[in-house]
Structure formats: structure tokens, C-alpha cells
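Labels for the chains are A, B and C, by order of writing; each one numbers its residues from 1.
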Amino acid sequence: MMAVEVKGVSKHFGGVKALDNVSFSLRQGKTLGLVGGNGSGKTTLLNVITKMVVSNKGEVWFNDERIDTMPAYKIARLGVGRIFQTGGIFNNMTVLENLLVAANAEREEAEAVLREVDLHEKIDDKAATLSGGQMRLLEFGRVMIRNDELILLDEPFAGVSEANTKKIERVVRKLQKQGKTMILIEHDSRRIKRLCDKIIELEKGKIIREAKA
Amino acid sequence: MKGEIAVMGIVLCVLFAGCVQQPEDETIKIGALLPLTGEVMIWGENTKNGMELALEEINKEGINGKEIEIIYEDSQCSPSKTSTSIQKLISVDRVNVVIGEICSSATLAAAPIAESNQVVLISPGSAADSISEAGDFIFRNYPKNMQITESVIEVLDNLGRNRIAIMYVNNDYGISLKENAEKIFAGEIAIAEAHDQKATDFRTTLAKVKEQNVDAVFLATYYTDGALILKQAKELNLDVLFVGPDVFDDPEVVKIAGNAADGIIFSTVKPGAGPAFTEFSSKYKNKYNKEPGFLADFGFDALNVIAEAMRQGNFEGEEIKNFLYDLKDYPGASNTITFDSKGDVANSALVIKTIKNGEIVLYEAD
Amino acid sequence: MIEAYILHLLILICIYAILAMSLNLITGYAGMLNLGHAAFFAIGAYTSTLLVMAGFPFWFAFLAAAGMAALFGVLLSIPALRLRGDFLAIATLGFGEIIRSILLNWTELTRGPLGIPGIPKPELFGFEFGALHWYFVLAFAVTVATYFILRKILAGNFGIVLKAIRESEPVSESLGKNVKLVKIQAFALGACFAGLAGSLFAHYITFIDPSSFTLAETILILLMVTLGGMSSLKGSIAGAIILILLPEPLRFIGLPSAMVGQLRQIIYAGLLLALILKRPKGLFGEKWFKGIVSEG
């Protein structure tokens, strides 16, 4: 089944075309690698899918349901999760609270999830005290406690230490084994080959290449 | 922790200050609730000036050798601040009589507290009709809105006017006058239109009034808007009799309206320049170097009737109350004072005036 | 006898503590500057008054006051929440003025500027809360209940979601939170308790008119919230205590009678300024509040 279908999506900001007639589909359980230079439209594409930005033209479908007409929170509730490039964590809340806001869960469940991302010792610490990589892992924790079906990852490895990079890759693999569908924005070509099933390359908002990884 | 300490500190300060207040026996304390700051502070100031003038004279001889001391509280025309102020005057300063407030809403908030503590409250400036029902201990020496309305209606009746229009200012004074008129006027009120206190253009309303072909227009207004109405009516060729209350007893009306003011007939419940007022006025000018402002004479009288009660040995609230109800024809600067059973000043003789050739004169029927 | 004065102040503190906590919920916890809070106070006061004077029992009027205020909280927030930051604040200010204008002009219902005197004291199960100390018991009970109810709600999931919304609305949305609905709920809840405070106020002062519910009133309540610390219920109570009590010691200082009114105002303003400068985060403020300024 097609988990994600993007049909003819265009978005411009002022005079600049951020996305130009983008169309592709992604099978359930597969991971799509999204590559391209700065400003090629990768983050905008994720924003359109999650409705953080409204497209000018086109449709987005998830699990045979049209989602571009829905408000952002409804799309999220369908099981669409996001790892942000920056600012995805609530700094002034504790690690535990960051998870509890994601899903109405008990403390034990949160602890279990934190164990999987190696953060259970920091459960009551303020999220601001975490390192960049730990914050990323916390976002993964949120995705896991929500049991998201479609996960959109915006450069999850950028600026992360060696140790944490390994941890994050481990988590990504685990989620893939669980059959999650993913769209991964990434620069490192070897990592893309390792983690993705297929690749789409964007340039100035247009798809210039679509291929198997 | 620091926060809690700060709060405790302030609470203790208040309690301490309150406890430290020793009841003094050397003076007789009277409370005063006045708007000393805020939008109507000029009224509060005038009233206070009148009271201080009276106080000076009273304390020359004293009452049984003791001086009267007035404890002023700035109630700012606000119901909640007034309730705090009077609560303090009664329970901390232990006064048996309070002069105040000026604004009707503040007086209405103070009244139940005065009443339940058997403390006399006398307002030198509140006109709301509902104050008449506020309690046995509640008095006022300022004319109430119904009295003002009755005086104007009397003029209309005397002149045989049956079909009138009412133009009223949209506040408690204007609305009261209009509603009272609706209650007591036997004739027909063809149209009643409100305007904002600060309005300056009445042409639309005047056009409506013209259409109605009434035989008189009741101006339930102040002198500024009233005078502007007269002026604009003349411009619109609206030739009809205008009647109003005593706000028109002011040379400013002619200044604003010019010869359009001619012909207006108005009633006064406050006789104005009687001998008592003239004497008061010159004493006031001596002390303050200016003419007495609005309400100064009412404040002067309020304190004086209280002092009179005390001179005759009445110091408890109940005693002062009884004295006031029994008081007859006290020669006050603002009015000859007799209190009716509701604690309002019974109507003095009606004086009807008009403006002729730019001058305010007594009205004489042709 | 001085206890009457103290009890009076305590009752006012209770009423304003409820107002401050309820405004804190909207402005501190949910991050929406509400300059029209006095309108909910007014709606509660008038609803309770009119119902009791029409013959309804106090408990019904009391709850109706909360309900009406909450209803208007919803009615205001649904359109107003399309706006951001400063514009939302201005919308709430406009709402406050519209309500006051309605109360002033709908004379058939409210008697307009004449106000409604003679409001009866509350009666529950045949017992009349007439005496001061009994009224204090009633007001105190409502205040304590308000504190514990709000604390419970804020300690739970709702509180966490509010915190998240304050930090980042888009991220909150991406986690499935219907931010607009949550904000409407916060508004309704805050309005609801302000309505209860209105009922307590009306039946205590026994006279209400629109002049008690102006923008100045909202600003006083906002001051209590700010002084006590945004996002701190205890802080709001402390703010109410301080601002109600602050002018009182000034009555006892012998100031020259010619200047007594003005001098007290100046001293009061000075003390307020000193307090704010010393503790800019408020007495119980945990962190510098952000979020009032327009987003983005």
C-alpha cells in the first residue's frame, strides 16, 4: 500500500518557488532519503506534509486519506511524527514532561521508552540540560511513545557526537524493523545508502532525480 | 521563600498599624468619604473646603470644650474603595457619623455598612433616587433626581404643556430624570433621546424632535450640552419651548448659546443666593481667595448640622439620627434644611427662572 | 471592633485572589495577554445579582455566574484567537469595553449607570451569610477551592500541554495538540472563576454598577499576577494580598490633610515601583515570562 502520496505540490514564498510540482509516492515500511542543496525545498516539503506550511497547489495523501486539507494537529493524530532540525524540544520542561506531552502515558511507560534511547537517568532533568544529540534522542522517544506510523526526520544527525550518532542510527533501524515509514533528510551519501530504500533529489524545488538507494 | 516573607511583612505592618491606633479622647472624631483624587477630585476638594471652613468656626468654641476632628478618606468615587474606607472609619476610628460620599455609586456602597453599624451617613452630593431607600441612618442634603424632575414637571404642568420631547444625557443623572419624568408626567412623551455627556452635535436628534411637533422639550442635561442644544435648535429653526433643571442657572449658558438661550424656562430646587449663602460665600472668599465651587456649600452645611446635633448632646449614631429627623428649617448656605422621613431634604419653595435678553431673571407668567 | 476592618480586607483579598489566579491561568499559564478580564468579573456579578433578585436561589445564581462568564470566555476566544500576540490583547481590550458598554446602555436589564443596589446576602440551606465573619468563611472556602481545583488541573495533562504551547505552538501542533481548542478551554476556565469572584463581590458590596468593572480594574488584577509571578498560583494569591493591603498602612500615617489624597497615591505608586524593580520576575516567578510578545 502507498503510505504517502504527494501529488503536484507547489509552494511559493513571495516570488520564490520553494516547491515546484513535486510528486512522488512512498510504500509503507519504506524509507525515503531526501537530498539536495541548501534551499532546495527539503524542509518545506516536510512542512507541507505536516501542514506547518500550506501549499499553493497539489495534494498530500497518507494511508489513502487526503491530509492536506486537515489542520496540523489532526494530521499528527493520524500517526505522523517529526524530528525537527532545531527547536523540537521544550527546553523549560523536564525530559519526562516532554514525553508526557506527546502521549498521555504513565511514568513507567515513559521510563521504558527513555531506556531505549538511553535517557532514563535524566528523566526529571530540564530538557535544556541535554546535549544536542540527547535532545534528538528525546525527540525519537516522543515518536516512539506516540507509536507514529510515518516519521519525518530533518537532518537528525547534524551536529551530533559520534556516540550519539551511533545511538540514533540504532533507533532508526529499530523503527524500520517495526515497519515504520520514514522520510529522511540527510547529507551523508553513505548513510543514505545504509538507511534508505529510495532517494529523491531536489533542486530549486523540483525533483531532478528519483532512484533506488 | 523570599516571597512569603515579603507578604508576611506587609500583613504584619497593617495589623500593627491598626492595633497601634489608640482611641484619643481629646477630640470628637467625624469621618469623611470624599473623592480626593481621580476624575471628580474637584468636587471632593470643594466639599472639603466647605467642611474645613465650617470646622474652623465650630472649633473656635468647640463642643463642650472639645474640638471636632475630621478623618478624611479618599474613596475615589469607587464602590469597593468606599466600602474599605468606611469600614476603616467605623471599626478602627470608631466614628459615629460619616460625611460622604459624592458619587451616588460610592454612597450606595457605603450605606449598608453605615446602616448595619448604626452610623449616620450624610451625603453632600449624591442625587440617586435609590439612596432614599438605603436606610434610616442614611441622609443627604443634596437634592435628589426625583425632586429635580418634579420641579421641571411642575413648570410644564403650570404652562399646560401636554406633549413633550425629552433630550437626556446618558448617565445616572440624565437617565433618572428621564425615567422619573416617564413615571410622573401626565401628558405624552412623544420621543426621548439620549446623548453622550461629551457630545457636541445634536442636530440629528433635534431634527427628530422637530418632526414630532411637541409643545415643549425637557432638557435633562448639564449646562454645556444644554446650551449647545439651544444654539443648534435655533439654527435649525426649531421654535419650541425648552424647559430644564437648575443647571441652566448659570451665566455660561448665555456665553455658549448667545441669544438662542432666550426663552428657556428652568426650575431651581436650590434657592441659591439667600442671606445664608451670601454670608458663606464671603467667608469662603476670605479663606480661599476664590468663589465657592460646586458642592462647597453642601459640605459646609453637612458638617454644621452634625455639629449642631452634637452641641445638643447627641453623639451616638442613634441620637444624631433622631436629631436630624427632628431638625426643622435649619438656615443652611445651600438650602433651608428640613429632613423628610427618608432622610432627604424636603423641597424648598420652587423658584422658576428664565433667560430674557441674555439675562437670568425670575419667570413671570404673562 | 478592628476585626471588622480586617475581615473586610480579608474578604477583598479572597475575591481578588480568585481573580488573579483566574487571570494567571489565561495570561501566565496559557500565554495570552487578556486585557478584558474585568468583563468576566462583571458578567459574573450581574448574572448572580439579576438571578437572585429574580427569585432564584443563591447556589444556582453562583454557578450560573460561573457558567455565563465561561460562555463569554468561549465566545470571545473563538474569534479573538485568530489573532496573535499584541492584536489578541487589543481584541480582549475591545471585548472588555463592549461588555461594559452593554452593561451601561442596556438599562432595562441592568439599570445602566444607576447600578443595582440592595443586592441580598447569600443564603444557603436557610442560613444567611450576613455577618462579616461568615462571609469571610464563604469567600475563603471558594478561594481555597479555586486554588486546589486549578492546581490539580495544571498539575495534570492540561498543565503540561499549556507549558508546551507557551514554548512552541507549531511543535505542540505537530504532537497532535489542538492548540486553538486548548486555548479556548483555558479562556473559558479562567473566565469561569472570574465569574465566581464577581458573584462574591456583588453579594458582598451589595451594590454594583459598571464603574467597578473598567480597564483599570483589569490592570489592577494584571498587576497582582505580575507581582506575584506569572505561572504561579501561590504568587497570584500573594499579589492579591500585597496590592489590597499596600494602600492600607498609608491611612495611618499622619499626612497633612491638605495633601492626604495625593500623597498617598504617590507613596503607593512608589512602593509598587520599588517592588517591581526589586523582583522583576514577580515574588514567586520561576523564570522570565516569554510568550506575550507577538510570535515570529
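Rule of thumb we're sticking to: a residue touches a chain if its C-beta (ideal position, glycine included) is under 8 Å from a C-beta of that chain, and two chains touch if they have at least 3 such contacts.
Nothing here was measured: the structure is a model prediction, and the numbers come from that model.
Once you count every C-beta pair in contact for both, which comes out on top, A-C or B-C?
B-C
Give the label of the chain whose average Cα location is farthest from that of subunit C.
A
Closest chain to the protein's overall Cα mean, using per-chain Cα means, please.
Going by the distance between chain centres and the overall C-alpha centre, it is C.
So the centre of each chain is just the mean of its C-alpha atoms; given that, what is the distance between subunit A and subunit B in Å?
Subunit A and subunit B have C-alpha centres separated by 73 Å.
Can you work out the whole-Å distance between the CA centroids of subunit A and subunit C?
43
Suppose each chain is reduced to the average of its Cα coordinates; what separation in Å results between subunit B and subunit C?
Whole-Å distance between the two chain centres: 33.
Report the residues of subunit B in contact with subunit C in the complex, numbered from low to high.
2-4, 6-7, 10-11, 13-15, 17-21, 36-37, 41, 44, 70, 72-74, 77-80, 83-84, 87-88, 90-92, 94, 104-105, 108-109, 111-112, 128, 130, 133-134, 170-172, 175-176
Can you tell me which positions in subunit C touch subunit A when the two form their complex?
157, 160-161, 163-164, 167-168, 170-179, 287
Using the touch definition from the top, list the residues of subunit A that touch subunit C in their complex.
Residue positions touching the partner: 50, 52, 71-73, 76-77, 81-82, 84, 87-88, 90-93, 97, 100-102, 104, 142, 146.
Report the residues of subunit C in contact with subunit B in the complex, numbered from low to high.
Interface residues on subunit C, with respect to subunit B: 1-6, 8-9, 12, 104-105, 107, 112-115, 117-118, 201, 205-209, 211-212, 228-229, 234-235, 238, 241-242, 245-246, 248-249, 251-252, 257, 260-262, 264-265, 275, 279, 283-284.
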